[in-house]
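Across the two complexes that follow, chain A remains constant while its partner is chain B and subsequently chain C.
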Partner chain A sequence: MTRDLLVLAPVRRALRFRPFQFLAIVPAALVVAVVVASTWFGIDHPGFNFGTVFTWVVWWGALLLSFVFLGRAWCLVCPIGAAGEWVQRLRLWGRSRYTAGLELPWPRRLRNLWLATGLFLVFVWLDNGYGMSNSPRLTAGLIAVLTLASAWIGLVFERRAFCRYVCPLTAFIGLNSLFSTLELRRREAEVCRADCATKDCYRGNATTYGCPMGEFPGGAMDTNLLCILCTECIKGCGHDNIGLRLRAPGRDLWAMRRPRADGAFAAVTVVGLATLIPLVTYAWLPKVRGLLAGVLPAGIPPNDPPRLVAVGLLFAIGLGASVALVYGFSFLSRRAAGARALPARALFVHYAYALIPLGLFKFLADLLDHALRTWGALGDVTRALLLDFPLNRTVAGRVTVVHLLGPVETYLIQILLLLGGLLFTLFALHRISLRLFDDREVALASFLPMAGLGVVLTLVSLWMLGAPLL
Partner chain B sequence: MLRPLVRSVLLTTAAVALLGTLTIWTVDGPQALVSASPTAGSDGVKEFSIRVHAWGFSPRAIRVEPGDTVRFRVVSDDIQHGFAINELGLNLQLVSGREVRSPDVKVALPPGKYPIQCSTFCGLGHPSMKASLVVGNPGRTPGATVPWIASLLALAAAGSFAALAAGRREPGP
Partner chain C sequence: MPAPPDAPRPVRHPALTAAAALGLSVLTGLVVLAFLGKFPPAPRDAGRAGAVFYVVAYHYGYAFYDRTFAEVAAMEVKAGEPVTLYIVPSQALPREMVLEYAERSLRAPIGGLAAGDPQIRKKILEDFALGNVEHIIGITGLPVYVTTNVTAALNARPFRDGGPATLREAVERGDPTIKTVTFTAKRVGAYDVLCVDSGMDGAGTCGWGHKWMVAKGAFIVRGQ
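Showing the complex of A and B:
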């Protein structure tokens, strides 16, 4: 069941309004500007700085919830991606006949998610090794570097090459958005195939741009993976054949026609970051850091080589374990189904996407706990920011503790979230198995090992979150 | 030869049980309770020294009695963290290498286990960065069953592997 929001006249008018995206970006850009000012000039402690507290409670929470309900809506309003587009188009919203950019095509070998996933891992290592999210100055520096990279790539390459191939968050955002209850798609395939000769949704026309992400909404685009909801195709389609539909959550996970290895690896990376990688790091970081301190010169954290190497090493072990587990269970799935024609690698690529809800709901469970703990601090830092707006040099004297929910109640909600993620994963795995195998018994045989992996990862998350109470 | 579904159930049971056992052994070691011994101050306040690192607390459990008055001296060994016990109204913000001392707090809580948590976003392990405040005798908790669960999982894994091996030896139809 789907419902097309574009049949509602106010929604249609708003999304076809030329400055729509610009007007959506402006508030986000203002908030990011305040965050940058407070993190760069303000108090250099993440617990007292508005920018870091806001980022890791409000922004992070809104981002995770947007995956569930709005897909890549953050990319629609992201001022970092917009910076590249603005310098390229020399316009804030209008269709320009000129460009400031070289409009070079993105290198063919890099037209995948491998680079973005690699940069995401580097970003996560820097974050956890150097404590980037733990340092207001580094947070400001990261936003500045990403904005400059977006602008530079916008000047050299065509469309939003930064957002599609380089942004360290593109795979994370795109994959989680596969779960979304919102999708932008063509309405009738036949209209695009037979009646449309111009393909304006991809190429653009005199008044609109072609898809900035290089997608073909009237053709092959069958998932939310790369759709940033910029609404350019809605404006450009001369046949009024693009819809913005509400749908059942998670449909992309099992309905995508061509799952790819780069996306599958990125999916396992995201799920690993929510489950196994923190487990390995949590269990062994002090020991491994201690061992490395015997061979590497120790420093003052975060510039502490043994710790930096230990974090990198344990991340590699955790990621390797995640990939090995999903591949191993794909192998078991193949053995169980007796599917000689289908290699384990193919099952890995198909089934990996179905694990995404496990990661997404674990992140949501983590966020719930963090937001409840730091809700009081958000009020403190906001008051401190207003006293010295926007430089945030005033220390919020103490941190207010607001007791919104007790630990047992919080844990119960986390259990519900994690079980919800597991149910979505099991459903997606089952649908994929039915697509891969005609025989229902063989499909069930292939499904069971992957379902077992989902259950184990969920139990690991439940144990990790509940350990102090159990 | 086994039917696909039977083979699948046995393979899944074996793999899941083996993985579960390994995970419990990996995590339960570092999770084991190591309690802090308080030093009794001249003012009658029980004082606890705690070291904090990404992503854990040392010790992992602090035992107090209902009605105790306690004080915490907390040092972060690496990056900046928080030390929060919401039930005691405490949220200390820590700076690397510098000791932060809490105000004296009276423990007016019923017996039970309460989480001690980091309250500053400090990376991927932040959500799991917790320790326990054990007030009085909380009785038997579900965590005590973990070694039993590990043993049962190991047995299930062994049984499934044995059944799979037996199934392979049977001639096909």
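Showing the complex of A and C:
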């Protein structure tokens, strides 16, 4: 059941308006500029600095919510990705005759999500190990480094190579967007196959660019994984054959025709970061840090080498355990399905994507607790920012801590969220099993071990949410 | 089906590429310099002219001194006048002075305990023993946010050996535990001096009593 938003004339007109994306980026760019000024020049306190509160509470929360309803909508307005494109195109929205870019193709061996997944792990390690979200200066540094990387890569390589292959969030955003209730797709496959000789959605034409992510909306694009909703293909399609549709959530998880190993590994990483990795870190960090303190010089966190190394080690152990667990259950799934089954590796690749709702809903449950406690601070830091705009050097006074709900009520909602995630995962696993096996009994046999894995990971999340803080 | 015609590709222009690379190189260099601290991270305020005050932060309150080291109840400045505050943690001073300052905390109720309650003294000594000796001094509504750094001078002891004997000596000697902040107060009003909570949600503090280290309206900005 889908509904094409482009049949609505105002929506169609807006999305076909050439400067649409630029106009969407401008407000985001202004906010990011204020965040950078605030985090770089402003008060070096995470709870009093507008930039850190806005970035790690408001932006992060909005990003997670956007996955559910809007897919990669953040990428549409992201000024960091746009920086590379603007350098490359030398225009803010129009089709330019010249380019400043070298337009080199991205190296073939790196045309996957491995690099982006690795950088995402570094990103999370920087936060867990080095307290990036608790440091205004590191937050400013992160934005500066990403913007420069985007600009340099845009200058050297064609299209949005940074957004597709390098951005530390691209795998995280893309995979979670598979769950989204919004999708951009071709309307009629036959029109693209038989009637379209120019493939403008991929190649561009005299007035529009081809897909900046190197996707082929008129061809193989069957998921939200890499679609940044830039609307370039909507503008470029001469057959009016691109739709922007509302749909049931999670469809991509089971409808994906060609799941890939890099995406599956990234999915396991994202789910592991929400479930097993925090568990391992929670259980062993003090002990491992204590052991490492015997061989490494200790310091005051975040500049505490034993802690930094311990977090890195436990991340590696947690990630290894996540991959081993999913692979192990895939193996059980293969055994349960009998001789006709696919190899365990293939089942791993197919089923891994179905686990994404477990991770997404765990992140949302974490966010709920945070948002219910820290929302009051946003008013304080905004007031302080306005007193010394945009440098934000002013102390706001005490941080307002207002608990909107008690811990028990919060935990109940978190339980509901996790169970919701589990239901979506079970449904996706079931649909994938039916796609993989013609025989319904074999499909059920293959499904059951993976469903067991979903239950195990949900129990881990439930326990972690109720566990006392270290 | 005939091969689709290629879309007109934008023309590469070496001069444009070079100009963009140069611009990005400059930008990258500036960011690197900024991170290395070689590039001013923030606009600097005017020098140390104007009003000068010394703020001794103790467990759990403040003593304010004017330019002549005379103790004052509040710091008064004129709007638009540059102000320099010297923030001195009491632990920078000798043990007797630290305890003398701490005794002031017994004169008023604090943290739900009545004035003079022996629990207050116990809590202060506990804080010393735990090493909770630092403060984050802020003034509401003004660009004052200073984290003290006396731990290094204490050498893991609760009191300092061989430090300056008096506040004046500490200032004149340029004791490394003293932090300064210079700013211009533009808005007329009375502002609170406080020890800022740590942590994103304001839940953490440097120790038990720091939360109540608030000198209400102790920084006064008067009209010209």
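Note that in this section the second predicted complex is superposed on the first by the 463 of 470 C-alpha atoms of A that agree within 3 Å, B and C clash if a C-alpha of one lies under 4 Å from a C-alpha of the other, contacts with A are read in each partner's own complex, and residues count from 1 in each chain.
The criterion applied here is as follows: a contact is a pair of C-beta atoms (placed from the backbone, for glycine too) under 8 Å apart; a residue touches a chain by one contact, two chains touch by 3 or more.
Quick caveat, the model's predicted, so the values are computed rather than measured.
**Q** State whether A:Gly47 touches chain B only (first), chain C only (second), both chains, or neither.
**A** both
**Q** Report for A:Arg89: first if it touches chain B alone, second if chain C alone, otherwise both or neither.
**A** In the superposed model, A:Arg89 contacts chain C only, not chain B.
**Q** Which partner does A:Ala377 reach: the first (chain B), the second (chain C), both, or neither?
**A** So A:Ala377 meets both chain B and chain C here.
**Q** Now for A:Asn134: first (chain B), second (chain C), both, or neither, which partner does it touch?
**A** Both partners, chain B and chain C.
**Q** Of the two partner chains, chain B (first) and chain C (second), which one does A:Val460 touch, if any: first, second, both, or neither?
**A** A:Val460 sits against chain B, while chain C stays out of touch.
**Q** Quick check for you: in the superposed arrangement, does A:Arg203 touch first (chain B), second (chain C), both or neither?
**A** After superposition on chain A, A:Arg203 lies in contact with chain C alone.
**Q** Considering only touches as defined above, state whether A:Pro407 meets chain B (first), chain C (second), both or neither.
**A** After superposition on chain A, A:Pro407 lies in contact with chain B alone.
**Q** Which touches a greater number of chain A residues, chain B or chain C?
**A** If we count touched residues of chain A for both partners, the winner is B.
**Q** Indicate the residue numbers of chain A shared between its chain B interface and its chain C interface, in ascending order.
**A** Common to the two interfaces on chain A: residues 45-48, 52, 56, 133-134, 373-374, 377, 398-401.
**Q** Along chain C, where are the residues that touch chain A in the complex?
**A** Against chain A, the touching part of chain C is residues 1-2, 4-13, 16-17, 19-21, 24, 27-28, 31, 34-35, 41-43, 136, 138-145, 147, 183, 192, 194, 196-203.
**Q** Which part of chain A faces chain B closely enough to touch in the complex?
**A** Spelled out, the residues of chain A in touch with chain B are 45-48, 52, 56, 124, 127-128, 131, 133-135, 273, 277-286, 300-302, 304, 307, 325, 328-329, 332, 335-338, 365-366, 369-370, 373-374, 376-377, 398-401, 403, 406-407, 441-442, 444-446, 448-449, 451-453, 455-456, 459-460, 463-465, 467-470.
**Q** Touching residues of chain A toward chain C in the complex: what are they?
**A** 40-41, 43-48, 52-53, 56-57, 87, 89-90, 95-103, 133-134, 141, 144-145, 148, 151-152, 155, 197-200, 203-206, 210, 373-374, 377, 384, 387-388, 391, 393-401
**Q** Taking the complex as given, what residues does chain B use to touch chain A?
**A** 3-5, 7-9, 11-13, 15-16, 19-20, 23, 26-27, 29-31, 53-56, 77-80, 82, 84, 86-87, 89-93, 95-97, 113-117, 119-132, 141-143, 146
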